[in-house]
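Same chain, two partners: subunit A is paired with subunit B first, then with subunit C.
Right after this comes the complex of A and B.
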């Protein structure tokens, strides 16, 4: 592909630069770990638990070990010879690399077969047998609060991240974290309110379904380890592997090429611990690549139950709100405690409510672990509070948009934590939704069996804090530029955005800039690619690094007595007598933050707010309950779009993903905790034929003043409003209210009968 | 997947000779490969049917349609003869799985697989189609509706192969096939309904039952044995059948060709 001219005065920010990597991807040359084969590499296949909760009595690997072509079978016994306490996790060190003594969910890794032929390894897995002593199990998040079945006997807080330092867990319970927020006196205000409404909403467990399943390769020597992995958080992988091995970080190298989707599935640490110990034990390179089916047993999205109660005055003001949220974290905490807390404090929604009480619980159950999935718990909350808002507006006889407008949280007003809202275009998003939906125009039913309805919903999210991003920039002697950052480009277009930000500072075309992918030996620290944080945090770091490089170039110009407009190559030629040398710029960004106090209050909860709203028109078939979303409008506050085209596809992509979680997707478990639909044949994600005929996406005119060139994150905002907007529209169409996801046609039909 | 032997015979006779204990015929492979990957089937030998010259669509002298068993579903879908004389088949194929599968899956395989969620068995049964079957003892014909014994069970004897499909002329009869998916649009259907209107109306339902079942009219639905599953409860499927049967009859009445 032809490289664009380097130097330019054309603005780089705000331009829809085609993605830098698209040419590589469509010609099949982009690097993925999936394609990596190292000489002499072994393939690992995982033997998994068949019971939800049990004490391991015996694992018999003899027949597997005896199969021709099998190199070795590994269990936790082998791992403990290398690492005595092989437990990992970002919030709790609760997850064993392979099950030790107990299994806690169906699908938990118990043993691994290694062979140079993956088919042989797979065949051998079928020859392993295990005996378990069944223990009582718990699956429901609300039951887990009081259940006699205890998933973890000992709780081991990790203490890695500053925002999770306070974690303790509650001994002899399944509570990994309970977060409480008290602002004003909700109970008292509820008593004096004119009307009180209470509802209960539920969401289901779903999976990320990245089309590239989790995959990691490790190669090792006696004192070094290189992990090639499809990870969203290489820096954390390095920290965690180094901790497990008791090694300094510089002996562990984590490389991340492109990812075939992530959505939160590839965060923190997943296969990396296992693949590393397999390589160290066998002294061979080892690859673990999961099947799509196995992903269902690795990481999922929290199922949740939300009890929400509001006190409303005669004139339609919400004066008090109580929120009680139970998060089904599955057998291992993963990042559930952060979901519980960070999402917990926005549970009252984007409304200005004086008296608020929030109780949010992260619970262990005997299901596959749950972690972050595109929204970090926010879609679960918006589902409840926007259904609740709609139901109240109906009861009060107030137009749903008007009711929201009356209660909206505006810039300058304190959110539930006490943090004052800034650069959050909540009202503008609502206004644009109203306009784009043509809200006041009547809907005409033209068929006897198809009833039309309209609904909207709006949500917001606080970016996780405090987190750090570092970036480096190299200006070569010919004036070309390389950006080094550990942000993983998993399809969201971060390489392009970072090149645009650097290009804007350096007056270079984004297309001429090279972005080096995560390699912890080369690229600086980054907390992770998650929670829509990268454009803001890494964007700021890249901007600072570019500014640092400009400063150093200007310094050289002045030292060498060159004019201010002297082209970069001439600086180096003068300095070194030939095309030689380089200038390195460094940038580091961490926003300010204040931990919540005992009441969950803080005046600095987040560096920025994300706002997203969705409006839909639906047709409901009254004979079958089938719902067709005919029109969808997604509006978000993304600050200033750095790349408008990518912003649009991020908004629509997020909304379509949430459409699947709203209408079709659900992990179905039987009474023994066995997953009944762990494949794409029985777990259905949306296809092209499921998309609304009309989708409109809009980023409102807004600016995030603390963001790079006014920008902020966009990856999740499109998910917020989708589920409640559709439920509200169904209610509008046929008068049926569903309070549990997914919105199944059969459930609508049941209520219509 | 375990190792297996792959044979590629050139004639039906050779193919029949290759079949036996532990052998499976291999046509499009779209279902077979999934079953082998899942470990449900572990054949020692696959007998490829690709070199048997059984692909092709043509008109019989009586105006009927003759389809070779190895014709791909997309070739059937795009055949001008089919579009002209049996537009209901072309319409049905448009939403049968996806284009990648239709490019590879074959008519014979789709009929022999006997998964009740498939679209062609009820439709071809309603159209009165017959299959030609080759076996070691010779050739026989069988109505498509008699090809099914139960869930994933066909009535072919060991070592038999479907070689052709014969569909009688549709003429001016109205025909329709409707299916209803309850999750995504490309899900396996919860119910399928095929209707061909004439003096002797033929109605076949599928997906909700363990094989395509012929019914006389809507009143027969109440007595049908229907299993609930992840697609919906038995009650709900019965309702869907009622609704889709009425809609299929309406569509068949207004079908123009």
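Right after this comes the complex of A and C.
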């Protein structure tokens, strides 16, 4: 499909441009790594640990190696001949490419079979046997604080983050990071408060389950490596693989086409290190593609425990708050320490509280590793602080919305870290929720057994900082435009948004612009596609690159003595005598940031705030405990929506995903740390029949002044309020309070008896 | 172990060498380079692998390729022009990552053949075997209704 460059005065920002890749996706032609087959390619199948914590005594691969059609079986011994210290990770270099000496969770990769027929490789995996000496294991995040079972003999921070350096070499601990924040004197203020409330909340371990399971392909020569991977962080993959191999970055190329969903599962290193060494060892192209089941053993969302305590004055002002949060990071840290710290910034919630203490701990346990999942820890925190808020309002006899309004954190006021709030429409979100929920209207029960209830919750998030995005723009001789950026389009619509931002600057229709997908040989550095950061950071970089291109075009016009409105193709014709040449624009963006001090305080914690709130109406069946969400209202501050339609789908999709984490999804482990429901037959994600009858989504009128054309991130905001809003509504309906997710009918029924 | 089977694929007579254990999705991908039907859950629970065999939607990751011998197979890649359903999915923004989209489109076509004017409830039940982790469900309902209107007009 040839798209002609077209000059336009139509605004590109604020228009619901259909996704640029629409045709590809509705015809099944969109490029995913799953489609890729290279000549002579081998398929790898992984042999995994069956014990949660054990010393490896023996791995017998002889029978597998002898099976007809098997090319080779690889263990960590082979890998160490290539890389003596094959440990990776964004925060800690703690994860071995294949298990070395010890296994730390059920499902950990121990060996790989390679064959040109994946069925043969699979069959051979079943012929491998391993013997382990069982070690004591720990599964619970609070127990891990004091457990004698130690997951890692020694802590190995990556060195990338200065605030983790002090943990280097620490022994006999499962605490991968402890973050502490002290503002004012919470303990003292608590003592002088009129009322004190304390609650404990828990969240469960869940999985992202992108419908395109994790997949990577590697091809290599004697001194170069190309990795085709479903990754949200191609620049990180390149740097980390180059580090492991001791190579310069320019010998590792990482290509990322479309992603079939990501949600945080496809960040940092997942299969990339393994597929790279397999290719380098065999000198052949290798593909690793996980099954849905295997994804559950790769990356998950932190289970958590949150103890929250507030001191409240007679007139309903929250004067002090203590937060103690334990994050179950599983066997490898992944980005858990970052989740622990960054979410620690906002653990006290969107309230104006003078005295605050936060203690947030990242724990190692013998469960599959946990990382980022759509919210970077925020949904776990909102679950607790908004349940807590609702319980206090009930106890105090104040309307839950009024109680929130009374204590709300407003622009111009310092948040827990001391950073002054700016462009965070918290109050507007609350106001719109109240209006859209028709909050004051009475709910009438029309049935004896179906009880109606209503609940709301709001949350906020500091965008992770500081992170860098670079972008490049090429203006061709015919005036057409290409955008180069390493943001991965995993469904959030970044290609379209970046084209709209470039088009707005260049006065070109977004539909006429080509966006080149991540290819580290071609597209510039980007920290990663995570945490709702891309629209803001990469959007700013693309805008700067487009402005740079405009400046250079204008310079050419003036050098060539052409009028200011001279069409682009005529500039090139005059300069080069024919349709030739191009103009390249570059943009780089990194916001300012100040690291927290010893008390966890900083006056510049984040470049922007995300705000999201949800209100629900539920019907609870008092005979069965079954909860039906009949109405869901999601309101968010996304700044100025760049593409209103895609923004709405993001808000709504995030809320429905969180609905699954609220009512159904839970990874169920037995006493030996064996996961019992790693399949869609037993682990149910939301489908059509789980939808609330009515869903309303709204982006409040707002502007992020530092964002590109007033925009900011939206991918996670819809998740924040869903879980506590439903628990609050259940309480409203039948007087039952659940403090652990998911909210199961049997637990409600048990309490109703 | 492999044997040749002949069948009609998107309106053309074709043949392929298949092993008894190979699924229809594998053969479509390996022998014909068609990737629109794709394996996701591997259990027939998600609908990403939907293929039409003799006019009926099947889970292509579980359906043995040998069974299509002499039959008619249609995939999302059939046809050069976008039909009303595909157009409606684009106009309604009824997808995000796009991995599940071919399955939803094929099931929607089958739904509209059977029920030209389905209401919300009928749509939800008919498509309940297809999962979308991005949860573009409200937009898909909108798209199905729009497609129904478009089809009635022509």
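Worth a mention:
Everything below uses one rule, namely that the second predicted complex is superposed on the first by the 738 of 753 C-alpha atoms of A that agree within 3 Å, B and C clash if a C-alpha of one lies under 4 Å from a C-alpha of the other, contacts with A are read in each partner's own complex, and residues count from 1 in each chain.
Heads up, the rule we're going with is that a contact is a pair of C-beta atoms (placed from the backbone, for glycine too) under 8 Å apart; a residue touches a chain by one contact, two chains touch by 3 or more.
Quick caveat, the model's predicted, so the values are computed rather than measured.
Look at A:746: by the touch rule set out above, it reaches subunit B but stays clear of subunit C.
By the document's definition of touching, both partners, subunit B and subunit C, reach A:687. Once chain A of one complex is fitted onto chain A of the other, the partner contacts of A:677 are limited to subunit B, with no touch recorded for subunit C.
By the touch criterion defined above, A:85 lies against neither subunit B nor subunit C after alignment on the C-alpha atoms of chain A.
Of the two partner chains placed by superposition, only subunit C is touched by A:652; subunit B is not. By the document's definition of touching, neither partner reaches A:402: not subunit B, not subunit C. In the overlay built on the shared chain, the residue A:623 is in contact with subunit B alone; subunit C does not reach it. Residue contacts after overlaying the shared chain place A:411 against neither subunit B nor subunit C. Number of subunit A residues touched is higher for C, counting subunit B against subunit C. Look at A:123: by the touch rule set out above, it reaches subunit B but stays clear of subunit C.
When both complexes are aligned on chain A by C-alpha atoms, subunit A residues 119, 681, 685-687, 689 touch subunit B in the first and subunit C in the second.
Subunit A meets subunit B in the complex at residues 119, 122-123, 126, 623-624, 626, 660, 663-664, 668, 676-677, 681-682, 684-687, 689-690, 744-746, 749-750. Contact residues of subunit A toward subunit C in the complex are 16, 18-19, 21-30, 32, 34-35, 37, 119, 208-213, 258-263, 291-293, 490-493, 645-646, 649-650, 652-654, 656-657, 679-681, 685-689, 691, 695. The residues of subunit C lying in touch with subunit A in their complex are 21, 29-30, 34-38, 40-43, 45-46, 48, 75-77, 82, 86, 89-91, 93, 95-102, 105, 123-125, 127-128, 130-139. Within the complex formed with subunit A, the residues of subunit B that make contact are 1-3, 34, 39, 95, 98, 180, 182-188, 230, 232-233, 236, 239-240, 243.
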